[in-house]
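Presented sequentially are two complexes of subunit A, the first with subunit B as partner and the second with subunit C.
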Partner chain A sequence: MNRFALAFRLPIIVWQGLFFLGPLFFMIAMSFFLVKNYRMEEAFELKNWARMLTRGYVWDSYWYTLGLAASVTVVATLVAFPAAFALAFRVSEATRRWAIFLLIIPFFTSYLVRTFSWYVILAESGVINVGLGTVGLGPYTLLNTPVGTIVGYLTLLLPLVVILQTIALANIDRNLVQAARNLGYPPGRTLFAVIVPLAKTGLIIAALFCFILSFGDFVAPYYLGGSKPPTLPILIIDTTKSGQQWPRAAVVAVMMMLTLFAIAATAIWLAYRKRSAA
Partner chain B sequence: MSERNPSSGTLVTRRRFLHGTAAAVGGALAAPYVVSRASAAPTELTMLAWYGHGEPDIVGAFEKANNVKFKPKYYAGGDNMLALIAQSPPGTYDVILSDAEFVQQLNAAGYIEPLDPNDYPFDDMLHDDFTKFPGHWDGDKLFSMMVRFGHLGVSYNTKAISAEEATSYKCFWKPEVKGKVGHFDWHLPTLGMMSLYNGNGAGLWDLDDKKWKAVQKTTMSLRPQVGGFFDYGGTFNSLKNGEMLAMCGIGDWITGVLQKDGAPVASVIPKEGGIQWTESYCIGKGSSKAGIVKKFIQYMLSPEGQVKSAQMAAYPANCITKGGRAALVAADRAEAERTNQVDGNPMDPIALIKNGRIHYRNIPVKQSLEDWNDFWSEYKNA
Partner chain C sequence: MTEPLVILSGVVKRFGDFTAVHHLDLEITAGEFVAIMGPSGCGKTTTLRMIAGLEVPTEGEARISGRLMNAVPVHERDTPMVWQSLALFPFLNARENVEFGLRMRGIGAAERRRRAVQWLERLEIGEFAERNVETLSGGQRQRVALARALVTEPPILLLDEPLSALDAHLIIRMQGVLTRLQRELGITFVYVTHSQSEAFALADRVVIMSRGRIVQVGQPREIYRAPANRFVAEFVGRNNILSGISRGDVIETALGIFPAAGLPAADKPATLVVAADLVRIDRTPTEGAIPCTLISEEFVGATVTLFLEAADGTDLKVQLPERALGDLNLHAGGRFHLSWPADAGHVLAEG
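Now for the complex of A and B:
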């Protein structure tokens, strides 16, 4: 690597070192610290790990968070795909650009504000239940349920997944799609045998982003899910609030990081895996 | 045109001359203003408190009268407060508002300065307990000055739960409110209430193993009724929009604000008893502004300060001085009546304390806060 190339790469290396690796190592080290009189003391003790890993509620939160993030990833991927497909293959370049611009607009406003706005829609006296009431249905409890949480996650993530999927699909070589059609593939087979495999990397990366962001999100499960049951980010907050147990919260955070590393590594392996030759 | 300055030999142009003159005149004219502004710069007071205490409705008049400016940092919960102080150098906070049960820990850790009892109106207290509030004194030394209090009990939607039903914590288990009972997300008040419901009375915080297990069992039996766990904002919202029809762990400090807004909610002290939250002011260790902080605490204990505290926009509270109560009745009789702060009212908060229906909030005696929090996490996950 020449000096010029290194100079260009240096900012991101320094940035990642200072603001990712540094804090990560500190967090891992902190998980071994102790808290005495609300003050953290440097130590190398396994007490926090032993305590947190043997608590049933920690594992309940873990599996619940994992399940919720996986569910929203599946839902977001399936809901986003038809829209992304239409934007990639059925509309003009200009329309696609406008659509992507419109999909970005929600990010201009605070996620917290967007989440709170769902109160008006999901409440028992809210828009949905009032609508259902006119045809004699409901009211249904939507707030403070996993449904509310998933709606909150989708508020944040659906536009992002649509954008990433659209970019992945739009970059497919149309000649290959056309060739499949010319060779007599029906539309369904073209989709699953040609389009999806060609866009696989982008589709998996979109799903991965969805999983990572929902796994670590605090706002939706707290404000729309009623913290019932708490997800891991809520557990982190609870742990720090009571007795300022930052080291125990760090244990939960490290658990989350390890999980995300494992899932991200698997996803990237799947995304870039080459098909074995026949 | 240009002239040569004979003394320095430098060239003085017309433009430079005009610039210099303008600067000199401008500076001369501005000097008194700058000097007066500098001399009038308000003294900054750093405050550590629950939300609302550093807002204009509380401190605005004091700031104006004393040329000070409060710089509040808000916390949520005594643990959080202790941690913020522990992580800051001495002198960071001039004035600290603490929940009474945490004052002892503030003092033990050396985070607060002693106060002179002669500076405060102990002879005007509405109740004798307030003059020697638990944990505020270390022997004859005063460390914290109580300024306000409120009571926690059954908070409910008046359309879903009748006033008669609300006279017992049992109403939280009412089948009609299944999935509609909310929790303020803090273990201490809720578990205290469950302890009261179990009949532990004045010993609600002093639980042996058997009683602690019984409290856990009672609390767990409430879990199917629970619709969510909420922070301050969530508690307000869910009660206001009717998502939650009863709320455990709060009192008039939330429903009082909603009532003023027209929401059909109320708080009562049930027959099993209620819990008192108490807020007290301390002077931070190492504060260089102890004199003005003392003046501020005196102001908050004055009739004017007590009325402001009782009417606080963020959350109302009860007066602790006779002068404060009289001023509240005179200034805002409706609020005094709404909160039963009228002499002779059977639900007068002072009468409730004297009758033994109110118990001061404390931390667990035989368990650690961590034990309670662990159970709280289990409960939330159940």
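Now for the complex of A and C:
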């Protein structure tokens, strides 16, 4: 590497080192620290790990969060796909460009604000229940339920997933789709035999984004989902608040990091695997 | 005579304001090797795609084996195509690509595999059956595409400029493969190309299209020696085209008066076409020869094409074997004299 190349790379290396790798190592180290009299002490003890990994409520939160993130990934992928398919194959290039622009607009507004707006809609006296009340239905509890959390997640993620899927599908070589039709595949079979395999990388990356962002999200479960059980991000915050247990919170954070590493690695492997086993 | 396999009658295809194909009538007999040839944008690929059902005619009828096909969707036709881009599925290996079309026909896995491998072997690429198609060479990929289209034993094979991505040497080899296959299988090949050499080398019958219309249909030799109109004369081969006026049994052109057969009535406009390979070139003047200046030459191995200019600026071409150049002492600006036998000219009844 010559000096100029190094000079160009130096800022990003320093930035990543200072603000990503450094804190990451500190967090891992902190998970072995101890807290005495509300003060953190440097140590290397497995106590935090032993305590957190043997507590039922931690695992309840873990599986609940994992399940929520997996559900929202499946729901978002399935709900987004028809929209992305239509944008990729059924509309003109110009319409597609407009649609992608419109799908980016939600990101102009703070996610917190968008989440709060759901509060107005989902609350006991909110838009949905008042509406249903006029025809004699409800009220239904929508707020502080997993449904609320999933609605919140989808608010954040659906536009993103639609955009990523649309790009993946729009890049497919149309000749390959026509070749499948030409070889006797009706539209539905063409979808699974050719379109999905060709868009595989993009579709998996879209789902991965969906999983990572919902797994680590604090806003939707906190404001719309209640805390029974708390998701892992809420658990982290609760743990830091109760008795300054930063080391125990670090244990949860490291658990989350390891989970995401495993899932991201698997997803990337699947996304770029050249050939199916079939 | 049996009914033609494919009948296109009064077929029109419009894309918005653009008419790609104008009232086209074409019949293709079973077992025939037909080439549809023309410059890009002439409607040849659109015509092929209408046979495959990838485009639906705006007007007119498309029939295959007597059945009206206008409303029959692509996947219900048995009209496999070899694509210009080959359109091999990158996520399948060579054998799986060939098996692809068999999957929709309720054929068991073992039988699919057997037939696919058999076709790959027939096309001499059996050893690459399990290879990723992206790692194969252009010629090998071409053969996979052919096997994929033919494995279902269709009555007709559509080919859309399939050799355009190959180098010259491979084109000749693949032409041999195609000719042999078509003869052995006895099925109809419809071959779209912009290349005269491919069309003439392969086809029993050549259809020449221009601006969405058929301008001539005939055997290669017929089209080469007797172009039906000025477009074909210009598009096909190297022809000298001289506009003139009929004077009964001679034609009067800017370069002189030439005897010719088949002229229209006296005083009507006519065009004399003389193939470049029938023109004689001399260093010394001869009776009735046209004096010209050599502009440039195009040397393609065994044959040489000379580009000359007459005194009035008319461009003329001469094509001759390289060994016949002899002592012509070619150099740009050199003076030569062109002539042709009286029966070399072909007359078009148009200006």
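Rule of thumb we're sticking to: the second predicted complex is superposed on the first by the 260 of 278 C-alpha atoms of A that agree within 3 Å, B and C clash if a C-alpha of one lies under 4 Å from a C-alpha of the other, contacts with A are read in each partner's own complex, and residues count from 1 in each chain.
In this text, contacts are C-beta pairs under 8 Å (C-beta built on N, C-alpha and C of every residue); 3 or more make two chains touch, one makes a residue touch a chain.
Being a predicted model, the structure only gives us computed values, none of them experimental.
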A:Val194 in the overlay: touching subunit B, subunit C, both, or neither? Say first, second, both or neither. second
By the touch definition at the top of the document, which applies to A:Ser227: first (subunit B), second (subunit C), both, or neither? first
Superposed model, subunit A: greater residue contact from subunit B or subunit C: B
First (subunit B), second (subunit C), both or neither: which does A:Ser92 touch? neither
Partner chain in contact with A:Pro186 - subunit B first, subunit C second, else both or neither: second
Tell me which partner A:Lys274 touches in the superposition: subunit B (first), subunit C (second), both or neither. second
Is A:Thr54 touching anything from subunit B or subunit C once the two structures are fitted on A? First, second, both or neither. neither
Quick check on the superposed pair: does A:Gln178 touch subunit B, subunit C, both, or neither? Answer first, second, both or neither. second
Within their complex, subunit B touches subunit A through residues 76-77, 79-80, 82-83, 86-87, 109, 179, 182, 185, 187, 226-231, 234, 237-238, 241-243, 369-370, 373-374, 376-378, 380-382
Show me the residue ranges of subunit A that touch subunit C in the complex, using the header's touch definition. 173, 175-176, 178-187, 189-190, 193-194, 197-198, 200, 274-276
Enumerate the contact residues on subunit C facing subunit A in the complex. 52, 54, 73-76, 78-81, 83, 85, 87, 89-93, 100-101, 103-105, 132, 148-149, 152
Any idea which subunit A residues touch subunit B in the complex? 37-39, 55-58, 60-61, 64, 119, 123-125, 141, 143-144, 222-223, 225-230, 235, 238-239, 241-245
